[in-house]
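Take a look at the structures below.
After this come two complexes, each holding subunit A, first together with subunit B and then together with subunit C.
Up next, the complex of A and B:
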C-alpha cells in the first residue's frame, strides 16, 4: 500500500495534519494506538466516534489500535514503515506526531531521552537533575524537550536530516514553533 | 492550667511509645508534636522490623535488643507487622567465612539464623540474584511505622494521655532553681513535672534551648520505593553492613535502602534525594535483585537517623539507645532525653525512659507495654455484609475498623491503588485529627500507589473539604501534589516521567 503521506500518531497534531492533507487531495493513512488525551481541537470535538468520522469522511485511512515500530530507509529517505500489527505502509512523506513521554513519543531512561521509532536525535541536558523544576506547578523543563528538526521541520537521525520525515506537535518540545 | 506528670516532646514512634507507657503506668501525660505524628524519621525509614541479624557481628547488645523486641511486636502489634522473614544472601564477591561468623554471632544473640541451600533461597524468592553462593534465613519482618505509631498514640489516649499536634515547642519553663517545669509554645505554656525529649535528631536543638548540649550527628538515609512487591522476604547482603543492601517488602511495594551520610543540621527539615544517591542505591540493589533495574521506581525519600556522636563516620557510629538524665549529667533537673535506637527498639526505649520518669517522680509502677496488645491488634470479628473492597481498610486498622461506618455511602472507593474508602477517611479525620491530604496519607496510604494521587486526589480533597470546614479542595490538591512531586523528581524517567506528564496535564495545565 502506498500513500502520499503516513501520519504516525493520532493526537491533536496528527489528526489535524491528516485532515488538512486529505482536504488537499492527498491519500493519507493515520496510524494511532487509540483514543488520545489531546484530541481536543474544536474540529475534533464530540465523541471519539465523531472524531474518527470527521477523519474518515475526509478520506483518511485510520489504522486504530496499531503503532509504527520502525522503518526502512533508502539512504536518508524513509521508504516504508512497519507496524506492530505487521503492516508495511509506504509513502512519499511521513509525519511523526507521537507526542511526548505519556504517549511514548519520547522515552526517558536514567541517563538519556530517545525517540523510539526512528531513533531521531533529541535535545536534552545530560544531567537529569536539570529535567525538572522542584515546584510542581512551575513550567517543567522535561516538557520542553523534543526531537531536533531542520528549518522545514525534518527530523535528524544520527546528525543527518531525513529527507521526508517531518515532526509535528508536542514531540518538538513545548516551546518549539512559538 | 492542667499540671502534667510528664510532657513528652516529639510525636514519632519513640514519643508515641513513651506516651503509651507513661499513661499505662498512671501518669498524667501530654505528648506534644510540632507537625503530624510520624512526620520525621519515623515516617521515613525502611519499615523493617529487624531480627537483629544485621547487628549480630558488630553490635551484639543491639542484636539481642532487636530479637527480643521483634518477638514482642509480633505479639502486641500483630496488625502492624508482616512476618515475611528475611534472607541474608552471599554473592560471589562475598566471603562465606563471613557467613559462618554471622550465623555464629546470630545464634549467640538468640536469633534463629539457618543456613539454607542457595537453591532453596531461589525457590523462596525467585527474584533473587541466581548467582548467589549462600543464604541464611532469619526472622526479619516488615512493620508499618505509621500504623505502629498510630496504635501507640491511640492507646496512650485510651489511657488518658493528651496529644497536642501541630504545635512546636519553642522553649522551656524553668523555676527559680533551674528545674524544667514545662514547655513553651508560641500559643501557650504546658506545665509538667518531667519533660522527656523524644524528638530524634531534633532533640539536639531542643536541648540547647534548655541549656543542655547533646552532641548529635544527623545521618541521612535515602531509600527508593519500587512499584511492585519484588520479593516476598526481606533481602539483606551477608557482609559487613553497608549502603543499599536491604530490600523490604512493604505492603504492595518494595523499599530499597539505604545510604548513610552525615548531613548538616540545616538539611534535616527538608531532605532531598540526589541523582548520585539514586544511582548508588540502584547499582547496589540490582546485585541482590536484578529485576530492580527494570521495575518502575515510584519515588525516593530520605530520613535522618539521630546518631549520638562518638566521632568517625555515620555507619560506624553507635546506633544504640541513648537515655540521658540531664539532672545527673548537666545539673538540669526535670529533663530527660531518649534518642538513638531504631524503629524496632522504640518500645524498649520508651520503657527505659518511662522507668527513669517513674523513678524521678517516685512512682512505683511496672511496665506492661510488652504484654498488652495495641489498638488494632486485638482479636476481632469481621462484620458480615461489608463490601469486599473495604478489606484493605479493615486490614490496615484491624480491630479498630469496627469504628468505621461502611454503610450509607461509606464504602465509596476513593483511592483505587490502595483501596481507601470514604469510611476510612471519615474515621481517620475523627480519630487522628488530620488537616490535609499529607496527614491523611500517613493514616490510610492514600495516594501512595502507582498513580501517586493523579486519579484520586480530587475525590479525596472533596471529601476532606466537606469534613473540614474552612478548607478548600483545590488548595488541598495543590499541597498534596507538591508533596508527591518531591518524591518523584529524583526518579523522573521511565513510567514515572509518563505519570508526571499525565499528572501535570490533569492538575497543572490550565486549559
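Up next, the complex of A and C:
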C-alpha cells in the first residue's frame, strides 16, 4: 500500500510526527506494536485513546498490533517496509521512532548494541564496561546511546546515510538535537 | 548462559500495564471475568506450577484477540488463555451442544440435504424451546439458514469447466459457512476472481478451519482438521499462486492459531494464504489486475472490522478496495466487538453478555443507517443482522455486485 510517509513506532515522537504530517496533507501510515501509543500506563488520563482518536480523525492510518520487520532498499533509498502481519508499505519518506531499549528500538546483547529494523548504525563504546556505571543511582551511559544521524536526522546504514529514513525521538540518544 | 529471556507465548514480557484489560469487551460487561492480564500472563505462572490453579472464569474469554492487538510488549495474551483452556478446562456443562455447535462440517453436511426442512423447523418456537431447555442453545438466537446445494456441488457442476481457460490460478478455501449456509458467497468469489483474470481451484481436501473446535475445547479434532488443510495448501501451492479466503476468522485461524495454539508448522503456506481482498488490492496496485466497475452501481455502506480482522491488520485493504468502486459511499465504523464470538453467543448462559457487548456497535450501525454493513466475518453477520435488522455483506459480494457484467 502506498503512502506519502510511513511512521514506525507509536510513542510520543511517532504520534506527533504522524499527526503533523497528516495535518499538512500527507497520506500517513503509523505502525505501532500496541495500543499504548505511549510508554505510559493507560491509567494516565486516558491519553492513548485520545491520541489514537486524534490520529485517526486527522486521517492517519494506524496499523495496531503490528511491527515493521525489515525493508527493501533501492541503493540508499528505502522503497518499502514489511510488517509482521504481512503488509508491504511503500512511501516517499520513512520515520523511525521505535524508541530505545525498553521498547526494543535498540537491542543490547553481550557484545553489541544494534537497531533491529534496518540495522542502522548505533553510537556506543566498544568496551562494554563503559556502557554502565556500577553505581545504580548514577546517570547510566547507555541512556545516551542512540542511532547515528546526519545533520538532517537521516540514519546511517553501514556507514552510508539513507536518503529517506529519518530517526526521531529517544532512539537518537544523546544525538538528539544535534 | 540462557539464550533468551522469552518463554512460550512471551508471558514474562507482561509489564502489568493493563492496557489489555481496557480493550477487553468481556471485562466491560462481566464482573466475573478476571480480564486478559490476569487470565493470561498472571495466572499462567500459577498454572505452570499446578494446573489446579486453572480459573473456571476463563470460559468467558471470547478469543477476540483485542488484548494481543493492544499489547505493546508482544505478549500473546489470548493464546495463553486459549492454550490453557485446551489443556486444563474441565468438561463442559453442555458437551452435546458444544460438539454440535463446534462440528460445523458434520452438522453442515447433515443439515444441507434437508435444508428446506431444517430451515423451516429451526425457527419454530417449540423447537427453539427444546434446544434451549435440553441443549442450552439460546432461544433468542436466530439461526443461520442452510443451503440445499453446497457450494462445492455448484462449483463442480457449473463453474469448474470454465476455469480451465484461465491458465493462472488461485485456490479457494470457502469455509463451512460458504459451503453449507451461503454458497452465494463462493459464487461471488468465483465471479470476482474470474473477472480479475484468474481461474479458481478447490482445495484437494478442505476441512473446517477449527476455530469453533478450539473455542469449544476440541483441540484434538482441530489438530486433525489442521493436518488435512495444511496438506491441501502445500499441494495447491505447487501449481496455484495463492490460497484465498473470504472469512476473516478462518484466515486468522489458518495463519496464526495453527502455529500458536496447535503448535503446527505454517511457514510453508502462511505468506500465500490470505483474504481475497488483500490479494486483489495488491494485484490492482501492482497493475497486474484491472477490475471494471459498473458506473450505475450505487450503494451506501458501513464497514465493520471484525476482531480477527483487526488482529490480521488488513482492514485497510478492504476499505481501499471498496473505495475504488465509484458508486460506493463508505462509512468506517468504530472498531467495536459485535459480541457473538462464533459459537459463544449461541449458548444460553452467554447470550446476554454477547448482546451487551454488541450494544455499542449496534447503536453505531443504527445511527449510520447504511443500506448494508460490510464485514468479512460470518458470525458478525449473523449477530448484526439479528440485532439491527441491517443486512450484512461480505466485501467480495459487494465487488461481485459492482463489477461490470
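Definition applied: the second predicted complex is superposed on the first by the 163 of 178 C-alpha atoms of A that agree within 3 Å, B and C clash if a C-alpha of one lies under 4 Å from a C-alpha of the other, contacts with A are read in each partner's own complex, and residues count from 1 in each chain.
Rule of thumb we're sticking to: contacts are C-beta pairs under 8 Å (C-beta built on N, C-alpha and C of every residue); 3 or more make two chains touch, one makes a residue touch a chain.
What you see is a predicted model; the values in this text were computed from it and never measured.
Q: Answer with first, second, both or neither: which of subunit B and subunit C does A:2 touch in the superposed model?
A: In the superposed model, A:2 contacts subunit C only, not subunit B.
Q: If you stack the two complexes on chain A, which partner ends up touching A:149: first (subunit B), second (subunit C), both, or neither?
A: neither
Q: For A:109 in the superposed arrangement: first (subunit B), second (subunit C), both or neither?
A: Touch partner of A:109: subunit B, not subunit C.
Q: Once the shared chain is lined up, is A:88 touching subunit B (first), subunit C (second), both, or neither of them?
A: A:88 contacts subunit C only, not subunit B.
Q: Could you look at A:98 and tell me whether it touches subunit B, subunit C, both or neither (first, second, both, neither)?
A: Touch status of A:98: no partner.
Q: Residue numbers of subunit B touching subunit A in their complex, please.
A: Interface residues on subunit B, with respect to subunit A: 272, 274-275, 279, 282, 478, 481-482, 484-486, 489, 492-494, 497-498, 500-505, 508.
Q: Inside the complex, what are the residues of subunit A that reach subunit B?
A: Residues of subunit A touching subunit B: 37, 100-102, 104, 108-110, 127-129, 131-132, 134-137, 140, 142-143.
Q: Using the touch definition from the top, list the residues of subunit A that touch subunit C in their complex.
A: Per the stated touch rule, the residues are 1-2, 32-36, 39, 41-43, 48, 61, 63-66, 83, 85-88, 103.
Q: Under the touch definition given earlier, write down the residues of subunit C that touch subunit A in their complex.
A: It comes out as residues 17-19, 22-23, 68-74, 270-271, 274, 278, 281-282, 285, 310-314, 316-317, 320.
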